[in-house]
Amino acid sequence: MITGLFNNWIVIVLMMSGLYIVIAHGNLIKKLIGLSLFQTSVFILYISMAKVEGGTAPILAENIKELSNPLPHVLILTAIVVGISTTALGLALVIRIKEAYGSIEEEDIQILDNLPQSKTQKKIMDGEQ
Amino acid sequence: MDVLLEIIASLCLFIGSFICISGGVGILRFPDFYTRMHAVGVTDTLGAGMILIGLMFYSPDFLTLSKLLIILLLTLLISPTTSHVLAKAAMQNELKPKLQQKDSDKELNSSNYS
Amino acid sequence: MNDLFAVVMLLGIYSLLSASFFVAMDAVDVAFTEAAVGAGISTLLMLVVITMTGRKENTKRHKPFLALIVVIFTGGLLLYGTFDIPHFGSADSPIHNHVTPRYINDSINEIGIPNIVTSVLASYRAFDTFGEVVVIFTAGIGIMALLSVAHHSEDNHKIAAVNDSMHERYLVIRIVSKILIPFILLFALYVQFHGDFGPGGGFQAGVIFAAGIILYSMLFGLSITRKVISQPFIQIISAVGVLLYGSVGLVSLLQGGNFFDYNVLLTDPVAGQHLGILLIELGVGCTVTSVMIMIFFNFAERRELQQHNNIHNKDLES
Amino acid sequence: MLTAATLAIFIVMVLAIIRGIVGPTLYDRILAVNMFGTKTVLLIALLGFVMGRPEFLDIAIVYALINFISVIGVLRYSDTNKLKHSASDIETYEKEH
C-alpha cells in the first residue's frame, strides 16, 4: 500500500533539492542547474503517472492490448525541448550579467547595484578593456 | 536448435556482464587516471560487444538484428576513439601517470588537476 | 561541491539516468528527446558558459537554514498531498479515464498511424504544439538579441587563429567524425520521417540534426561552419518552420475545416491526416534544428570573441 | 539471463556514478560520464528485450551518437579552458616576481 506512492516521494525529494539549490546558492549557473533539476522532477512525476500496470509503450502493434497513457508523454516531450530553450536563454542572460558586472554571484551583484559609484567605475573599467 | 541458441545467447550475455562488472570494479579501484581508462576502454568495447551479440540471438526479426548490428558497429568505432582522445588530452594537459607508489607522486597527482 | 565542472558532469549523468527511467516507464518518445537534449546539447551549453564565467563557485551561502525551513515545509505539504494521489500503475486513476481511451481506441481509425504519441502531438493537440514551437522560436530570437556579435570579415581570421583548431591535434577524431557526421544527419532524417511508426518526430530529429552540425563546428571551427550555414540562412529556416506549421492550419481553415483539421486537406480524410502530420513534423524539425544551431553558434561565437579579447589585452599589457 | 545482465549493468552504473562523484581529476569525471553513457546504451537495449518490445533500439543508437558528441564537446571546452587558466597563472606569477 505504501509502495504505491513511492514514485511521488522520489519526485518530492528531487523537487525539493532543486528548490533548495535555487534558494540557497548564490551562483547563477548553480541556480539554473537547480531549476533544471526541478524541471526534471516534474517530468518524472508526469511520466510515472502515465504508466499502467502491464502496459507497454503507446505504439500500436499486433497482439498488444494494454498501453500506457500517451497524453503525458506528448506534454513532456514538448516540455523538454522548450525547457532547453528557456535554459539556454537563462544562460545567455548569465553571460550578459557576467559581462556587465564581472561576477555571477548574487551577493556581488547586489553589492554592485547598491553602490552606484563603484558600478559606474566598473563599467568604465570594462569599457577600457 | 532453439535450446542451443538459448545457451549461446546466455553464454554471451554472461561473459559480457562479467567483463562489464570487472570494468566497473576497475574504474573504482585502480590508482590513477590512466589505469582507470585502460579498464574502461578495454571492457567497454568487449563487454558491450558480447552483450550486443548475445542480444542478437534473441532478436525476433531482421530489423531488430540490423539495429543491433549498427549499435555494435558504432560501439566498436566510438569507444576506442573516445579512450584515445581522453588519454591524449590528459597527456597534453600534463596529467602525469603514476609510475611508482610514492607519497610525493601522490601529492603531485592530486594537486595537478582537481 | 564548488567545482561547477563536476556539477555539470554529474548533471549529464543524471540526465542519462532519467532517460533510462523514461524507457523503463514505456515513454520511448520522451526518452528519445531527453537523450538528445539532456545528455548532449544541455551539457554542452552549460560547459560553454562555465568556461566563459569561471569554473569555481565562490559564494558564501547566505541563510541556508531559512532555505532549509522553506524546503522542508513545502516538502511536508507536498508529502501530505500525495496521500490522495492514485497509486503508481493503477489502471483506474482519473488520468486514464477522460480523453485517453479515445486516443488509444480511435486514433488508428481517425489518424491511421500506429504511434499514438505522434498522432496526439501533431493532430489532436496540434494547436498546443504550435504554441511550443513558437516558444522555441522566441527563445532563439531572445538569445540572438542577447548574444549576437557584429561581424567584420577581417576579424574572423584573427578570431579563428586564436581559436585552436581541434582537428589538427586529434587526427583520429577527425577521421571518425568524418565517418559519423553523415550517419548522424542521415539518422536524423530517418527519425524525422519514421516518427509515425516508431519513436521519433520533428523535435527529436531536429535536436539530433543540430547535434551533428555542432559536432562539425566543434571540430573544424566556427568560421568554417559559418561558410556552410550562415546566420541569415539559419534565421530564415527557423522562421520558415514556424510559417510552414501555421500555414498548414491556415490552409485547413480556408478549406472549410477547423484550424489544424487535416481531414479537409485531401479528399480522403486519413490521407489528409497523413499529409498534415508530415508537413507539421517538417515544420517542427526545421524550427528546432535551426534554433538549436543558432543557440550554439551564438554561445560559441561569444566565447571566441571573449578569448580573442583576453589574449588581445594580454598583448597590450606586455 | 536477460534480467541478470540488466542487474549487472545497473551495478556497473552505480560504480561509474561513484567514480563521477569522487573522481579527483577532471578526466576521471569525463571517463565516468563516457562509461555511464555506453552502459546506458546497453541498458536500453536490454530493457527493450526484457519488456518484450525490442523494436525501440533507435534510442540506443541515439545514445551512442550523443555520447560521442558530448565527450568531444567536453574535451574541446575543457582544453581551451586550461589555456586560459595557464595564461592567468603566468600573469599572477609575473606580478609576484
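As written, the chain order gives the labels A, B, C and D, with residue 1 at the start of each chain.
Note that contacts are C-beta pairs under 8 Å (C-beta built on N, C-alpha and C of every residue); 3 or more make two chains touch, one makes a residue touch a chain.
Keep in mind that what you see is a predicted model, and the values were worked out from it rather than measured.
Compared on C-beta pairs in contact, A-D and C-D come out with C-D as the pair having more. Between chain C and chain D the centroid-to-centroid distance comes to 20 Å (mean Cα coordinates, whole Å). With each centre defined as the average position of its C-alpha atoms, the distance from chain B to chain D rounds to 12 Å. Chain A and chain B have CA centres that are 32 Å apart. For chain D, the set of residues that touch two or more other chains comprises 16, 26, 30, 32, 51, 55-56, 58, 61, 65, 67-68, 72, 78-79. Multi-chain contact residues of chain C (touching two or more other chains): 26, 28, 173, 180, 198-199. In chain A, the residues that touch at least two other chains are 56-57, 61.
Chains that are in contact with each other form these pairs: A-C, A-D, B-C, B-D, C-D.
Of all residues in chain C, only 4, 7-8, 11, 14-15, 18, 21-22, 25-30, 33-34, 37-38, 41-42, 45-46, 49-50, 52-54, 57-64, 66-68, 70-72, 74-75, 78-79, 82-83, 85, 87-91, 93, 95-96, 99-100, 103-104, 108, 114-117, 120-121, 125, 128-129, 132, 135-136, 139-140, 142-143, 146-147, 197-199, 201, 203, 206-207, 288, 291-292, 295, 298-299, 302, 309, 313 touch chain A in the complex they form.
Against chain B, in their complex, chain D makes its touches with residues 1-2, 4-5, 8-9, 11-12, 15-16, 18-19, 24-28, 30-32, 34-35, 38-39, 41-42, 45-46, 49, 54-55, 57-58, 60-61, 64-65, 67-68, 71-72, 75, 78-79, 82. Within the complex, the chain A residues that touch chain D are 56-57, 61, 64. Considering their complex, residues 5-6, 9-10, 12-13, 16-17, 19-20, 23-24, 26, 28, 31-32, 35-36, 39-40, 43-44, 47-48, 51, 55, 163-164, 166, 173, 177, 180, 183-184, 187, 191, 194, 198-200, 204, 208, 211-212, 214-215, 218-219, 307, 310-311, 314 of chain C touch chain D. If you check the complex, the residues on chain B that touch chain D are 9-10, 13-14, 16-18, 20-21, 23-25, 27-28, 33, 36-37, 40, 44, 48, 51-52, 54-55, 58-60, 63-64, 67-68, 70-71, 74-75, 78-79, 81-82, 85-86, 89-90, 92-93, 95, 109-110, 112-114.
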